[in-house]
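Pasting the structures here.
In what follows, chain A forms one complex with chain B and a second complex with chain C.
Let's turn to the complex of A and B:
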């Protein structure tokens, strides 16, 4: 058994070292989600209108020549509350080509896990594409609860896994501070301990009015 | 009986493992002290590390720098726009000078390529899509690798002029690198708080590793001392239980614990020697009493026996008629009785001498001088043997009872001479000293002493001289030596023969006369 003083010291060290990470971002819905649910081959397929999220002011940011990421998570929630029953994720990478003056868009979702590539000629077409999200598969119709609603969570430029990995490699290599390019122990450990941050502040949550399963079914 | 060192035994591997993993409270306290000493400054450093990480991130991720980096692609966009506009102007310039259809078109396009910077290719197409003329630059682009930058001019007649200009490929590589860097910095800026926390966590983790290493090192260092203290404690417990053979290995250390261990070993040795001395002297004392009684019991009938025979002889001599045969028998018996009574008388004398050994009364003496004097005063010894005296050291002051010590040397020399016969005996007397002992050695070149008998030759009445010895000589020698506070050991002389070593406390070592030991 360690002496009390040693235990206190260890507790202090671990407390400082581990630190408390910030709470995950979230929040109440910003508004009503405009959604159209249609049955396709026995599955509920949604089309979302996200024009409220992608206003004209945002497209200056999207045209900055850097990779911008939009993540859209669409989930089915029981009308009475509870955990999501289905979640559909779609990650959209947008890169404005400053030479071609076009938007190179890569869309990754369960239907296209390796990515679907598009080239959009203008910010207007990009806005149109982002605002009108189609073909969102919310699962088989019979599996839907009788009463449910759909929530869309849009995260603009969250820290992606790729970016997190790049940052890890950057601080592990500490290339800026070590001329030889060799890894530093502190940097390597810090890289290993770097956690995924919260989604950031540019997160928008919209929730649809309640649906009934029979309302989705074809008549 | 040999000493048994504590901690020098070799238990099985399981025992060794258990012993290695067992940590005493003493070790834990020392290790904890080392850990606290090692980590307390580092706790402060941990807090500082948090501040340093925060400030370094603030310096490295200055929002203005991040903003400027993020604007680099836009700057390239502006550069590309300017180039495109320039190329459009240059293309229109070329279009304005186009000759009439077909007349010298090739030559004009050739000259346009030569005079227009970065223009690599021109195609003049008629309204119906037919290529009227086409030229391509043959000289390499002076600015190195390039990418195509097209510029099209719609001509008034419905035709068109397609120009291809060169734009430096390096721009695109630089743009890609700048974008990569900007995105990395953007990520760093976005993860700034997490990076700071991860550095503090990493520092804390390394601190824990450091503290663990300090603890292991502390336990290892503590063990080097505490294990020896533990062995000493175990040895003291064995000593308290009566084990006077216990010894503790001091190892190769030169610290206080090693000094304590050596002092403990010395103390145990001295206690053991004292006990052996007392036991031996008590045993000798018992044998002396036996010798005294034997001498008394044997001596008493000898005189009546002698007188009775003398009366018998007187009566025989007075007889008027004496038978010659009986007279001869009486004379022979008389000789036998005289010899045997003489033998018994000598035995009685030796027993009496052994029984009445005087107490030791020491006086200061120089051991070397005493030995040399002994040799000088015994010419019969030098007559009987070749005697060599070697003094290997300078002054060797001791406390001796000269009379008794002469008897000791006489006994040992006599034994050495007898052991060396029938050859001419050669005796080697040596005087040397250690830190606290003066040593006399008496060596011969005889057959030596059988190792199996060495423990017994100092016992009274034990002799290897068949029929001629009483077995008291070496017992007397040992008693006298022990009464001087000394020791005697028998061994082999280098070069052959036996060697008796007598060690006496140096007077300078502060050992007082041990006369009372007898």
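Let's turn to the complex of A and C:
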């Protein structure tokens, strides 16, 4: 027979466990992806409407005077399921200038690997720019499967593995350690901090209705 | 196709130049839908040569929301100073460093205009969190001690200066059947400075103390069945320890710590109804323990609570001698390691420990197998702040432990008092022996233990609710 105190503790913990809900992750699509596919010189070129991701509340964050990063990964998936057949990546860096009150934007993608730079004069123009992503090359038309769909994954201020490693090293070297038993042990907390929703992870996934290859081909 | 995917991602990250013919510029054909149209909506300027390169000077660093933490203690952890050129990455790293301190539940950073053009303020908005954490919570029951319990607390930001202060106590009262005996309890306290700033060195220093009064039952059979109706008549060793330890350490690398410590204890032991030569190793009457310990620790885990990669290892060598003020001559060696790999997306952790003690070590400096098991079949039970409430007083000179633990995340919510939780399923094998090459005895016939545990990271500390612990109390 378990002691009463132990049974009480067990009951409390079971209560907590039953209240638990799975952590939200960037897994299933949040909604339908608004997309326009156009044939350009034998390739499928997409334009995405991402207005749902970049609502007005987002722009206080983008106006913090520090570098903000948006990554957009667009992939072609077989309609019947399976691994992506083609992925296009675009990285957008946004830096608000507190004196000029403009947004300096750098866009890197396969067409501009060293970056294309823009200066946007207002948050409205930044929102318009981010919401309307164009010229996304999804590969040669003949390489597309007959039935496919397009998925867009948008990450706001993601943390790269490289950045994670540098952060861990910095934190470990600068902040030191604590007595054993405390929550901080050398550098072993950085990833937790970086994964916290308020510290970075902000992922949105949208998926298009099915397309047919012949539907993209010029008539 | 896989190659194409890799090349495109590499290009997007700016890490490689194309090795295949450049695809035709997709935006070139439908000019009306190309980038120009996109930019027209916002009247953007596109020309790298016209994009200004900002080089603002940090006029002031504002820390907003501080209540208990001292500003100078917070500033020590920032990676930049007033008067420097603004570097957004250093601001981000500084923000993470402040979060890592454990003093704040929220840290936000932004830049504001300074008093004149070209100057800016860097602002950190913080929300202080509870820095008083529960480090130990003990509730247990054994046949000779129907109920005992204890609590450990740690203040991680003492006086707002980032100093660590911790304390704990376990209370078990007098032994059952011997109401007139001294109470059994354990008290400990510690003070830790995690960041002593000496030029070119980052030092850590600490001091701790312990006072403990306990008993070790030493019956002819380990379950003490002969005295089960009246444990008060069972032979025992009653002892008292009072002492302290001073530690000084340095960090040779970002994930390493090298430390040396000196421990001194004043010990008193009395044998009650015990024949000479029987019972746990300790000098009768008053004795002194003086010991030097050198330790090396490396920790590359990615998370202290739920590591998915990296490893943690600790090596310790302790030398006790009359040369350092003690009556005990012994050496103690311990290596512990814990490493995590991802298997089917969840972390699989390997745990191991090996240890040896040579010479005349007191029993509490030897290895108690149940401390390394999830549970022990039989009377042995993991000790509570070094107090043994079981009837098993076997302490060994050699130890080997190996184990596996698999973790399944349950939730992660920064805004909840129960920040994170995972379910741990594990198994361990423990071998210990009083002498090299010695066989296992009746004390721990079954070397394998397993556990299912709920691990919680909460507002007031981390907690482990373990089926193994409940079994240990019940078996």
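Please note the rule applied: the second predicted complex is superposed on the first by the 151 of 219 C-alpha atoms of A that agree within 3 Å, B and C clash if a C-alpha of one lies under 4 Å from a C-alpha of the other, contacts with A are read in each partner's own complex, and residues count from 1 in each chain.
Going forward, a residue touches a chain if its C-beta (ideal position, glycine included) is under 8 Å from a C-beta of that chain, and two chains touch if they have at least 3 such contacts.
The structure presented is a predicted model; accordingly, all values stated were derived computationally and were not measured.
K.L.:
Is A:98 touching the first partner chain B, the second partner chain C, both, or neither of them?
P.N.:
The answer is both, since A:98 touches chain B and chain C.
K.L.:
Given the touch rule stated above, what does A:65 touch, chain B (first), chain C (second), both, or neither?
P.N.:
A:65 sits against chain B and chain C alike.
K.L.:
Based on the superposed arrangement, let me know which partner A:212 touches: chain B (first), chain C (second), both, or neither?
P.N.:
It touches nothing on chain B or chain C.
K.L.:
With both structures superposed, pick whichever of chain B and chain C touches the larger number of chain A residues.
P.N.:
C
K.L.:
Give me the intersection of chain A's contacts with chain B and its contacts with chain C, in residue numbers.
P.N.:
Chain A residues touching both partners: 2-3, 5-6, 9-10, 13, 16-17, 21-22, 64-67, 98-99, 164, 166-167, 170-171, 185-187, 189-195, 197.
K.L.:
Inside the complex, what are the residues of chain B that reach chain A?
P.N.:
Answer in residue numbers: 32, 35-36, 39-40, 43, 46-47, 50, 70-74, 76-77, 80, 172, 175, 179, 182-184, 186-188, 190-191, 193-195, 197-208, 211.
K.L.:
Under the touch definition given earlier, write down the residues of chain A that touch chain B in their complex.
P.N.:
Result: residues 2-3, 5-6, 9-10, 12-14, 16-19, 21-22, 64-67, 96, 98-99, 101, 157, 159, 163-164, 166-167, 170-171, 185-187, 189-195, 197, 200 of chain A touch chain B.
K.L.:
Under the definition above, what is the set of chain C residues touching chain A in their complex?
P.N.:
1, 4-5, 7-9, 11-14, 16-18, 23-30, 33-35, 37-39, 41-48, 50-52, 54, 56, 77, 79, 88-89, 91-93, 95-97, 99-102, 106, 108-113, 117-118, 120, 133, 135-136, 139-141, 146-147, 149, 152, 154, 156, 164, 166, 190, 192, 194-195, 202, 204, 206, 251, 253-257, 297-308, 310, 312, 409-414, 418, 420-421, 454, 456-457, 461-462, 465, 470, 473-474
K.L.:
Quick check on the complex: what are the chain A residues that touch chain C?
P.N.:
So the residues of chain A touching chain C come out as 1-3, 5-6, 9-10, 13, 16-17, 20-23, 38, 40-43, 45, 47, 64-67, 84-91, 95, 97-100, 104-105, 108-111, 113-122, 124-126, 128-129, 132, 134-137, 139, 143, 164, 166-179, 181-199.
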